[in-house]
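In what comes next, subunit A is part of two complexes: it sits with subunit B in the first one and with subunit C in the second one.
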Partner chain A sequence: MAGPGAVRGGAMGSGAAGPGGPPVSVRLRRGLATHWYAWAMVAPVVAVIGVIIGYPLVRGVYLSLTDANERNVARSIGVNHLPATYEFVGLDNYADALTGDQFLATLGWTLVWTVSCVTVTFGLGLALANILNRRIAGRSVYRMLLILPWAVPGFVSVFAWRFLYNEDRGFLNRLLAGGGIDAVPWLNDPGWAKFSVIAVNVWLGVPFMMVALLGGLQSIPGEMYEAAEMDGAGPWQRFRHITMPGLRSVSTTVILLSTIWTFNMFPVIFLLTRGGPGEATQILVTQAYKFSFEISPRDFAQSSTWGVLILVLLMAFAAVYRRVLRTQGDTW
Partner chain B sequence: MRRGITATALAATLALGATACGDDGEPASGKSAGGELSGTVTWWDTSTVGSEDKVFKKLAEDFETKHPKVDVKYVNVPFGEAQNKFKNAAQSGSGAPDVIRSEVAWTPEFADLGYLAPLDGTPALKNGADFLAQAAASTEYNGKTYAVPQVIDSMGVFYNKKIFKAAGVEVPTTVAELKDVSKTITQKTGKTGLYLRGDDAYWFLSFLYGEGGNLVDAESKTVTVDNAAGVKAMTVVKDLVDSGAAKTDATDGWENMQSAFKDGKVAMMINGPWAVTDTYGGAEFKDDKANLGIAPVPAGSVAQGSPQGGHNLAVYAGSPNLDAAYAFTEYMTSVESQAEVARELSLLPTRTSAYALPGVADNEIVGFFKPVVDKAVERPWIPETGSLFAPLVTEYTKVLTGQTTPEKGVGATGDAYRELLKGWK
Partner chain C sequence: MTITATAPGTTAPDAVPAADPARRGRRSPLASVALHTTLTVASVIAVFPVLWVLLTSLKPASYATTTDFFKETTFENYTNLLRDTPFLTWFGNSLLIAGLTTLLGVFTAATTGYAVSRFRFPGKRGLMWTLLITQMFPVAVLIVPIYNIMAGLGLLNRSAGLVITYLTIAVPFCAWMMKGFFDTIPREIDESGQVDGLTPFGTFFRLVLPLARPGLAVTAFYSFITAWGEVAYASAFMVGDENLTLAGGLQKFVNQYGAQWGPMTAASVLIAVPAAIVFLFAQRHLVTGMSAGAVKG
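Right after this comes the complex of A and B.
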């Protein structure tokens, strides 16, 4: 078992020697001698994680402290290598982002987007899970159909929605025209565009919520409902006092996950509206992408600054969320 | 002992590597001893898929019959993505093409970033004096030539003659007339007058020039987009959309414009020669090419003008096969190739001599656009020209969708320009 050994070795290696113990170097050497095998086993994993997560992360943080852009980064063109000439500027980029109105305005819409997507998705997922947890005819067929949005690759569904939303030629407006309703500017009006992107994200997110909550529902023992019924509890009371507490551990996890995913839901925004019209639906990640890949000269420094700020925001959210749950007695 | 051998081998490898790096002067040539070209030439084309691309692909691959040992790889990259895709590939040094069809505004930018090979004195640039001066201007940067002009273009009003006849109207020559004509068309036929692209600020330029404005003035190093003419131009386009004279979209503008015009749902669109072949394929024009009329863009309150555009062929500085890339560029921009493209696609040649050739001289579309191009407004060929559209299109769309006012829209664009162009007024 490499795992436990590695964890113990790690704690020793970090130099957290208690008072009165042998010196750190001795403990380190002893730790290595005892657990060399465990160290060897985890080394590849550590190396891979270091390369694919650690390096980009450190590099991103570093770039956010410079004025790097397309014109001053290192480039290799065939046999010619142009060295990097960007400079360290300290926290200037962060000061600019946090004092300018672009970041705060984008953050505002990102929060609206995240909260509305997660709330609606969770509500619908819960409702569907409850419906499908009963014995109804063709239950497995419904379950299969409701998972479909999840089974189709995200970009395919988003493109399909983009066709449906097309103001002149889209299916939705033809349907409305059949009912005598004027064409709706789904993606052309800022307000409607916001509604449209949220609708697509909810459509994409419901299957996950439903499946997760359905699993949670099935783990609640049926005897509890029977007992409650015997005691005269109505359907709403049963839902309120058995289902909700029973789903608590599942729902806290899916809400956390869903919040993080939605906050960074790049494909829906990018493929539907590219953040438009204007910048009406631009969320933080799509704007960071725009800095790095769409404007020219490409502003790598600003893009990484926004990236680091996104990371900090999500970490803060996760920490607060955990703390709140813990004060409510959850051992998550 | 063993370790010693490894160290020696390592040192030798390093030394070899250093020597290899030192040979910067000599490109990895695709020329065999006899001077015959060989190897692969990858070309990124950006022409319209479904109409123009077939002709360009065939033309490019015909290069192989002249040089049997060369393998031409034709890749069509959508125009909207090509600039960024090329930058990604060129910067990382992997996956870049040998030759790219570079839009005129991209060329100085790519050259400034060091991505393009200078072409002076190479076989790519043959008979340079034959090129139209306007076309050649965008290929020069810092005293060197970085590209060869392939096609040149400008914009005009495309109109559906049948709809005009049904509504009993004449082609508008000013924006004011355009508004009246659109109104009559809607009243008489129920169709919309004009399709105006709202997701690409290039379509805004002729209105800006019409009010006597411009994005920047490179000579006096002044940002001019936010002056009174800029505000007026934004007000004009907003009024066209708000009054129902024009319809627009914030996404998929190209597809929506082409299908609306081809299906006869709108009577007019502003477009260039690159749209002609695609438009002829539409339901309204397939069997009746004469139904398509083209006229100069409507004048604003001050002037009449449309932007000069076009495409160049540029060679990637990191191409491993420069010799073949030069030859391919020369072949694609030769008089014969340009005449072929003009005959098949009605795109305008950049070589003066090509205009005299049969099939070009009597081509109606070429005949219409040539005088338009001659009078077209030339853009400043500074490295930032290609960067001017990103801030503008955001504000342009915001103005058209009512999220900001014309004053604030051009104001924000001007601020972005001054940040981009350090030290400009």
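Right after this comes the complex of A and C.
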């Protein structure tokens, strides 16, 4: 009903209206104007996500309902083009995955991996951020050194750790040998391998947590601490009643994101152990990748099925997480 | 939320230019020692793996696995790398792709984050969910369909293809982060802009964006690191020596010569340097407390 002219008029009107409460018609037009700007601002993101993520997702869901594998998809052999011959099989793949042992066992380890990584990373990040937020000699040097694992590209770091973990000639075992301790099979024993991959992921993740939480700490006005101190609040009370609420917005976001990232942390597992020894450190994502790139014939359908299940699990988690937040008073 | 509500109300006290809570309370020497010990141990753990790669790169290739910190220090790994491999070409490709991703990523993330932080508009909840859910998409599942799209658009083996793909990784997270930063900037600033007759775009670019510099720095940093260090898409999309990025190039390098630690570590050091430079640049903005300046200034 309202054309562009009316929309622009609305924006002007809102400027002139002042705080006294503009009439309803002006507020309505102002709302339209606001939406127009908001939509324009989010348009590029929506476009990119729609094309590069929306379509692949639809295609992936479709493949999970078929029996597609390397032998029956459309492919070219020399000059001959073979059409796709895979068939629609309904929910068979899901039934297989959910009733078999492999998916549930992998899911179990994935959960252990995610919870331990996020807990330890958040704890260390929070502790370091709090220390760095104090006035302490050499603060900027410490900060720079501590962020280094984040500044170095992940694949470089993972190779560095593999180098350190090497059972025969790695630095860690040579160090232990110097202290008379037997070589530890860091990546070759299922238990140690699980420990090792978690350690590397924590090492990689702490700087991000620390920076995000430090940003949150710095946005808490110093006056609030002064007021609390004047009212006789001790350090723990200040932490509990000013720092924690002040960090709430940042920490709920980073915990959620970090959980999702860790759940899908492909490069660490893939480059450190390839899921081994055996399948001991295989998380859902690396296993899904293995189905579609490393086994023969490549099983695209099963890979997609696991991918969709990963997505469903994470969405369920996010929904529950958000509900919990909302009952505690957050709104979005 | 609590912060933005209370911050404008609190009167700025006379002589506290840097809002630093711990400055006033005196710390006992013991506490200082404990803090410094903690930070030192943490720093050593953070730095050692990287430092070890650096030290290894300076040893002759045949001594790569010795535990000596220094062994016949030489730059031969570096000279071999630069002379005998297309490392510099890969380097240029990566720099271009990471630079473009950063530029576009920061811009789109900032506008999106601002819209989500300030406006209530139809589709907002859906967008927030999409940004969140996008984070959950495992690379392993998307990579084949995205590859097909890029092939269809003729963007395989071109920087643009990777830039677009990286934006889908970087922007959703950055938009969330920017929303968090914009949330801590008082709405009164927007309202004053509106009263002065600025459009929402004007308010955003002239008033809010300059205050969000720390957030922009974090966002830029994240975009650059994401693009610089990504492996899976880069190795799948780019083929042929002259098109590879560093991530793809290094793998080829490993395949070609076996896992030779000498040149590998040299390349690792050279890859890490631009990341560190970008970081130093971002660090400057990170230091300044953000909303302190906003409300008082």
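Here is the rule we go by: the second predicted complex is superposed on the first by the 279 of 332 C-alpha atoms of A that agree within 3 Å, B and C clash if a C-alpha of one lies under 4 Å from a C-alpha of the other, contacts with A are read in each partner's own complex, and residues count from 1 in each chain.
Heads up, the rule we're going with is that a residue touches a chain if its C-beta (ideal position, glycine included) is under 8 Å from a C-beta of that chain, and two chains touch if they have at least 3 such contacts.
Not measured: the values here are computed from a predicted model.
Colleague: Just subunit B (first), just subunit C (second), both, or neither: which does A:Tyr37 touch?
Modeller: The second partner, subunit C, only.
Colleague: Residues of subunit A touched by subunit B versus by subunit C: which partner has the larger set?
Modeller: Between subunit B and subunit C, the winner on subunit A residue contacts is C.
Colleague: Where does A:Arg274 make contact in the superposed view: on subunit B (first), on subunit C (second), on both, or on neither?
Modeller: First partner only, subunit B.
Colleague: Between subunit B and subunit C, whom does A:Arg169 touch in the aligned arrangement: first, second, both, or neither?
Modeller: So A:Arg169 meets both subunit B and subunit C here.
Colleague: I'd like to know which partner A:Trp203 touches here: subunit B for first, subunit C for second, both or neither.
Modeller: So A:Trp203 only meets subunit C here.
Colleague: Give one of first, second, both or neither to describe whether A:Ile52 is in contact with subunit B, with subunit C, with both, or with none.
Modeller: second
Colleague: Just checking: does A:Ala193 make contact with subunit B only, subunit C only, both, or neither of them? Give me first, second, both or neither.
Modeller: So A:Ala193 only meets subunit B here.
Colleague: A:Ile310 contacts which: subunit B (first), subunit C (second), both, neither?
Modeller: In the superposed model, A:Ile310 contacts subunit C only, not subunit B.
Colleague: Is A:Asn80 touching anything from subunit B or subunit C once the two structures are fitted on A? First, second, both or neither.
Modeller: A:Asn80 contacts subunit B only, not subunit C.
Colleague: Mind sorting out which residues of subunit A both subunit B and subunit C touch, each in its own complex?
Modeller: 166, 169
Colleague: Using the touch rule from the top, collect the residues of subunit B that touch subunit A in their complex.
Modeller: 21, 23-24, 27, 83-84, 87-88, 90-93, 109, 112-115, 198-199, 248-252, 256, 259-260, 265, 316-320, 386-387, 390-391, 394-395, 397-398, 400-404, 420
Colleague: Report the residues of subunit C in contact with subunit A in the complex, numbered from low to high.
Modeller: Going through subunit C, the ones touching subunit A are 1-3, 6-7, 10, 12-13, 16, 18-25, 27, 32, 35-36, 38-39, 42-43, 45-47, 49-50, 52-53, 56, 65, 67, 108-109, 111-112, 114-116, 119-125, 127-128, 130-142, 144-146, 148-149, 164-165, 167-168, 171-173, 175-177, 180-181, 183-184, 194-197, 199-201, 204, 214-215, 218, 225, 228-229, 231-232, 247, 250, 261, 264, 268, 271-272, 275-276, 278-280, 283, 286-287, 289-292, 295.
Colleague: Which residues, counting only subunit A, touch subunit C once they are in their complex?
Modeller: Against subunit C, the touching part of subunit A is residues 11-12, 14-15, 18, 33-35, 37-39, 41-42, 44-46, 48-49, 51-53, 55-57, 59-60, 124, 127-128, 131-138, 140, 142-157, 159-161, 163-164, 166, 169-171, 174-175, 203, 206-207, 211-212, 214-215, 218-227, 229, 235, 238, 245-246, 249-250, 253, 256-257, 260-261, 263-264, 266-267, 284-286, 288-289, 292, 300, 303-304, 307-308, 310-311, 314-315, 318, 332.
Colleague: Give the list of subunit A residues in touch with subunit B in this complex.
Modeller: Residue positions touching the partner: 70-71, 73, 75-80, 82, 162, 166-169, 187-190, 193, 272-274, 276-280, 293-298.
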